[in-house]
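Right, one structure below, let's go through it.
Each chain gets a letter, A, B and C, in the order it is written, and its residues are counted from 1.
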Amino acid sequence: MPKTLLTLLVLTATALGLAACGGDDDGDALVVYSGRNQDLVGDLLERYQKDTGSKLEIRYGDSADLAATLLEEGDNSPADVFLSQDAGALGALEAEDRLQALPQSELGKVKPRFRSHTGHWVGLTGRSRVIAYDKRELKESDLPRSVFDVPKPEWKGRVGWAPTNPSFESFVTAMRKLKGEDVARKWLEDMIANDVKTYTNNIAIRDAIANGEIDIGLINHYYVAEAVAEEGPDYPVGVFFPPNRDLGSLINVSGVAILSSSEKAAQARKFIDYLLSRPGQEYFADVTKEYPLASGVQPDPALEPFDKIQAPKIDLADLAGLQDTVKLLQETGAL
Amino acid sequence: MAVLPLVYLVIVVAGAPETARDAIWSRDAFELMLRSVGLAAAVTATTIAIAVPLAWLTIRTDLPGRRVWAVLCALPLVIPSYIGAYLMVSALGPSGLAQDVLGVDELPSIYGFTGAWLVLSAFTFPYVLLPVQAVLRSVDPQLEEAARGLGRTPRQVFTSVVLPQLAPAIGAGGLLVALYVLSDFGAVSILRFDSFTRVIYTNYRSSFDRESAAALACLLVAVTLVVLWLEGRTRRARAYHRIAPGAQRRAVLVPLGRWRGAALAFTGGVVLVALVLPVGVLGYWATKSVAGEVEWDTVASAAGHSLLGAALAAAVAAAAALPVALLVARHRSRPSTLLERLSFAGHALPGIVVALALVFLGTRAWPVLYQTLAMLVAAYAILFLPQAIGAIRAALLQIDPHVEEAARSLGRSPLAVLRTITAPLARSGVLAGAALVFLTAVKELPATLLLAPIGFETLATEIWRLTSASFYERGAVPSLVLLAVSAVPLATLTLRGHSEP
Amino acid sequence: MSAIRAIAVHKRFGDCRAVDGVTLDVAEGDVCALLGPSGCGKTTMLRLLAGFERPDSGCLMVGGEIIAGGKTFVAPEKRRIGMVFQDYALFPHMTVAANIRYALGRRAERAGERVREVLELVGLSELGERHPNELSGGQQQRVALARALAGTPKVVLLDEPFSGLDAGLRARVRQEVRQILLAAGVTALFVTHDQEEALSLADHVAVMRDGRIEQVGTPEEVYGRPASRWVAEFLGEADVLPGTVSEGWVECELARVPAEGVGAGEAEVLVRPESVALSIGPAAGGRTQVEGVVVEREFFGHDQLVHVELPSGRRLRSRSLSYPVWHPGDRVRVQLDGPVNVFTAGRS
C-alpha cells in the first residue's frame, strides 16, 4: 500500500508540475469567460478563430457564477472578455467598476436601450417573452391581450409556466419593478388559484402545448422558433407578443464586455466587433433564433419583426435583483 | 489548507460587517437554517438505518453474491444529487414515467421535504456504508465470539458488541451525510425544498452580494461546528482496538439461514431504488437521444479528465488525511480536535463558496497556479478531505497502539512506524477514504467550472453543458459514462478489501 | 555496573501519582521482577523506561547512559530496549520472520541469519513464514520475545508476559522464557502481579505499591523477610495473630518466639501456612502447642491446606503434605514449625 500511495503521489507531483508549466503557454490568446452555453456559441467562437486567426481560450460557466468569479478575481483576473447570458450579470460587474468603457464605434451599433448607459457593455442579442399557444385550438384573437388576463376564469387549467426558469424570474422581477410588489404578488396568487400547470423548463411547456396537454404557456420566443426550424411551418405551436408594452413581451438581452484588468483591449475590441458584425449577428439569427441587435441583420423570417414587438421599457441592469423575486415566488407557493 | 475557505469568509465579512450582520439576523435566515438542519437530521438517520445493515450483510454474512452487492451498494454515490433529483422528478413527478406506466393522473407530490429527503438519502447512504464496511473488515471477530459465548443471541451481539465498535465509523459517515445535505443545492433546488443554501446561492447568483453570502456561509460553518460537536460526543476518548493478547483472526461469515430471502430483498430493494431505477431512466433517455448526437470523442476525453482529476484528488486527500487522522486518533488534544473540526468546514460549505474562496485566494496568493490542474486538485482535496479523514480515523481506532509502540522500541522513527506499520494496517480505511474522495470529486461541478484549466472538460461539466441549455435527458450518456468509470475503481477497491485479511 | 538505574522518578497522570519517587537498580544480566497489584504503577514504570512516557522528574539510565532526566529525553527508537507487550503487539500484516527482521532495520547485514538464530533460540525455527494469526498464544508470546531480542538490546522489558496464557501452559513457558533470557545473557525487567511468577522467574524482586517501591531483594529475602506486613501478605498466604513484644521476644497464642528489632508493645505475628504443623498426640521437643479443631480442608494433590480454629476462635491455615488426611471436626495439636514475621501493630 505505501508503495501504491507513493507512486500516486509522485504521479500527482509530475502531473501538477506539467500542468503548472503548461498553464501559460498561450500568452497571446484572448481569455473569454462565457456565460452562454458552448452548445449555443461554441461554433461561432470557432468560426471567429478560423476567420481571423486569433486564438481564444474559453471558460464556460453559469453567467452569474462567472460574474461572481470575476468579482473575486479582481485585478488579477486572467479574463479579457465576459460573454453574458443576461444584462444583470453585466450590470453587477459594471457597478463594481470591473469593466472597461467601450468606444462609440462599437456602442453605436446597438440601440441605447440594449446597452449600458455608461458604455461599459453592449447587447448582442435580444429575446422576448411570449405567450405560446396551440394553433390547432386557438386563433391569435382568442388569446389574452396581456399577462394580466391570463389568470381569468376562461384560462383555468389551460396555462403552463416554469417558475424555476431564470427568464421567468426576470419577468417577475420586471413586474415587481414596473407594477409594484402587491400587483406581482396578486398576479402569482391568481395564477396558482387558476390551476396553472408547472413545468421544469420552457421546452417542456412548448412540448406540452404540442401534445395538447395545455393550450397556452409563458416562455421565450426562440424555443418555438427552434422547433419550427426543425419540424417545419406546420408545427402546431405559435407565439403571440402581447401588445401595448405588456410585460408578456418583455425583452432581455445577452451581452458582452471587456474586463478592466485586461491588457488586450485592442484584441478584445476586435472580438466584440466580430460579434456585432454581419457574420456574427447572422449566426445568432440562424442558430439561436434570437433577435440580432446590430448591423441591420434581420431575424429569422418566421419570427415577429423586432420593431413590431411592443416591449415594456425597463433598465435591463435592474433585472439583477432576483433575491426578492425568489422569495415572492416561494411565499406565494409558485416555487 | 482546508481552513483557507474560512480565511476567505472572514476577510470578506470583515470588509462589510454591517451587511453581514443584517444578513445573519434576518428571520428568513434563521427559519431556513432550521429547515436545513431538520432535513439533514432526517437524511442522516435514514442513511444510517440503511447503511449499517447493508454493510453487515455484505461483509459478514453468506449473502449470495455479497461482493457484487457491496460494489452495487456503493455506486449510488457517483450519481450527482442534481441528476438524482431530476431523475426523481421525471420518474415520479407530475406527468412523469410512473404516471404513464401506472396510468394514474396524480401521485402524491414528491416536491418539498419528502422528495429532498428521499433523493438525498438514496444517493448519500454510501458515505456511511463505506467506512462501516471498512471497520467491519478489521473488527476482531473474537469479541463477537466471546459475546456469543456469554449467551447472547446474534442480534444482541450486534447491538451490544458490534454496533459500539462501529460507532466511530457511523459517526464519521453520518457526519459526511449531514454536511453534504447542509451544503447541497442541486437536489433541493430541483425538488423545491426551501433550504439555507438557496439564500446563499441567490445572494451570489442574482444579487451579486458576496458580503451577505459570506456571512451566511459563516453561519453555516457555525452550525457545522455544532454538528461536529454532537458527533464528537458519540466518540468520547474510548479505545476501540482489541485489548486481548494475541493476533487477530479472520472473521467467519454468519450464515443467514431462513433470513436469506429477507436479506436479499432488503439489499435488492436498496439497489433497485438507488441504482437500478436511476440507471434505467438514464438508459431510457440515452436510447431516446439520437445516436449520432452523442459526441463520443468529447465524452471520452471528458472521462479521461474526470478520472485524472478525481484520482489525483483521492491520492492527495488520502495522503493529507492520514497525518491529521493520526493526530486526532492518537493524540487527542484541543488543538488537534480543532484542526480536525475546521477541516470539515470545506465539506459543509456549498461548492460555489469554496470555489469562490479559492478564486479569491488563488488569484492573490498563487497566481501561477491559478486555474491549473494543481489548483483544481487542491480544491477537490479541500472540499473532500473530511471524507478521507473520517474513514482513516475510524480504521486507526481499530489499531492497537501497542503495535506502534513496539515498532518504536524496535528502533524505528515515528515516520518509519507510520510508513511500515500504521499505514498498512489502516489500509482498508485509507482505501475507503480515497474511494470516497474519488467518487465525490469525479462528479464535482462548481469548483471544476471555475478552477479547472481552460479546456479541461470533465464528465460533470459535460453533463452541465448538455443539460443547462435544454433537457436533462441530453445528459444521459455522459451520466452513464460517469457511473461506469466510477464503478471500475470502486469495484477494484471493494473486491480487494474483501480479499485482504 | 547497573544495567538499569532509576533515581527518584515521578510521573503523574492528572491527580494520580502513578510513579511516586521510584529508585531502582537492576544489575547487568539480572532478571528482575517488578511485582505489585494492578494499578500500582509498575506498567507506567516500564513505559517510562521504554520511552513511551516522559518522567515528570527524576532520572532514568540504561547501561550507564541517561535516557531521561533533566533536559535529556532519548526517543524510544534510540534506546535499544526490547519490549514485550502484554498483548504481544505482533504486526498482523507481517509473517513471523518479517516481524523479527523488522527489529533489525533495513540495512542490517546478515539479517536472515539473525532471524534464524533468534527463531532457533525461541524454538520456532519451522514457523518463520506463518502469520501471527496462525500461531497459538504461547507461540505468539515467543515470537514477541524473539522480536524483542533480535536487535541485541541492552535491556528487555516484559509487560505481564504470561497473563495471556492458560495456567497449564504458563508454568512451562515461564521456564522456557527464563532459559531464553539466560541464554541470551540479556538484562530483563518484567512486570507482573503474580507473586508465584515473580518468585520463580526472577533473580531479584522489586515489590511496588501505590507508585513506590516497598522492598527489593532476592525471592527468598522478600518472601522470608518481608519489609512490611503488606509485603508479607501480598507475597503469599499468611495469617495474623496478635502478640506482645517485650525484651526481644514476642508472645502470642501459639508460641513465644524471638522478635529482634521490634519495639516493645502490641505486635502482629504473621504466620505462613507452611510454618504451622498439625499432629495428634503430644508434640515432639516439648514445644509450645495448643489444641484446635479442623474446620475446612482444601486438597491440592501434592499438598493440602487445612483451616483450624484455635481456642481463642481465631483461624489459622496449615499447609502440609497430603497425608495424613484431616477431616472437619478433628481435634488436632497446632504448633509452630518454621519462621514467623513480627511487625509492630497498626502499621501495614
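Keep in mind that, in the parts below, a residue touches a chain if its C-beta (ideal position, glycine included) is under 8 Å from a C-beta of that chain, and two chains touch if they have at least 3 such contacts.
Keep in mind it's a predicted model, so treat the numbers as computed, not measured.
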**Message:** With a step meaning a move to a chain it touches, how many steps does the shortest path from chain A to chain C take?
**Reply:** 2
**Chain whose mean Cα position lies farthest from chain B** = C
**Message:** Using mean CA coordinates as chain centres, what's the gap between chain A and chain C in Å?
**Reply:** 86
**Message:** Distance between chain B and chain C based on Cα centroids, please, to the nearest Å.
**Reply:** 53
**Fill in**
Averaging C-alpha coordinates per chain, one finds the centres of chain A and chain B separated by a number of Å equal to 34
**Message:** Where in chain B do residues touch at least two different other chains?
**Reply:** 420, 424
**Prompt:** Inside the complex, what are the residues of chain B that reach chain C?
**Reply:** 242-250, 400, 402-403, 405-413, 416, 420-421, 424-425, 501
**Asked** Which residues of chain C touch chain B in their complex?
**Response** 50-52, 75-83, 85-93, 102-103, 105, 131-133, 135, 137, 140-141, 147-148, 151, 163-164
**Residue ranges of chain B touching chain A (in the complex, touch as defined)** = 28, 86, 89, 94-95, 189-190, 192, 194, 198, 202-210, 308, 311-312, 314-316, 318-319, 352, 355-356, 359-360, 363-364, 367-374, 377, 419-420, 423-424, 427, 430-431, 446, 449-450, 453-455, 461, 465-466, 468-472
**Item:** List of chain A residues in touch with chain B within their complex
**Value:** 1-2, 5, 8-9, 11-12, 15-16, 19-20, 22-24, 31, 37-40, 57-62, 64-69, 71-74, 76-78, 88-89, 92, 95-96, 164, 169, 197-198, 200-201, 203, 208, 213, 320-323, 325-327, 330, 335
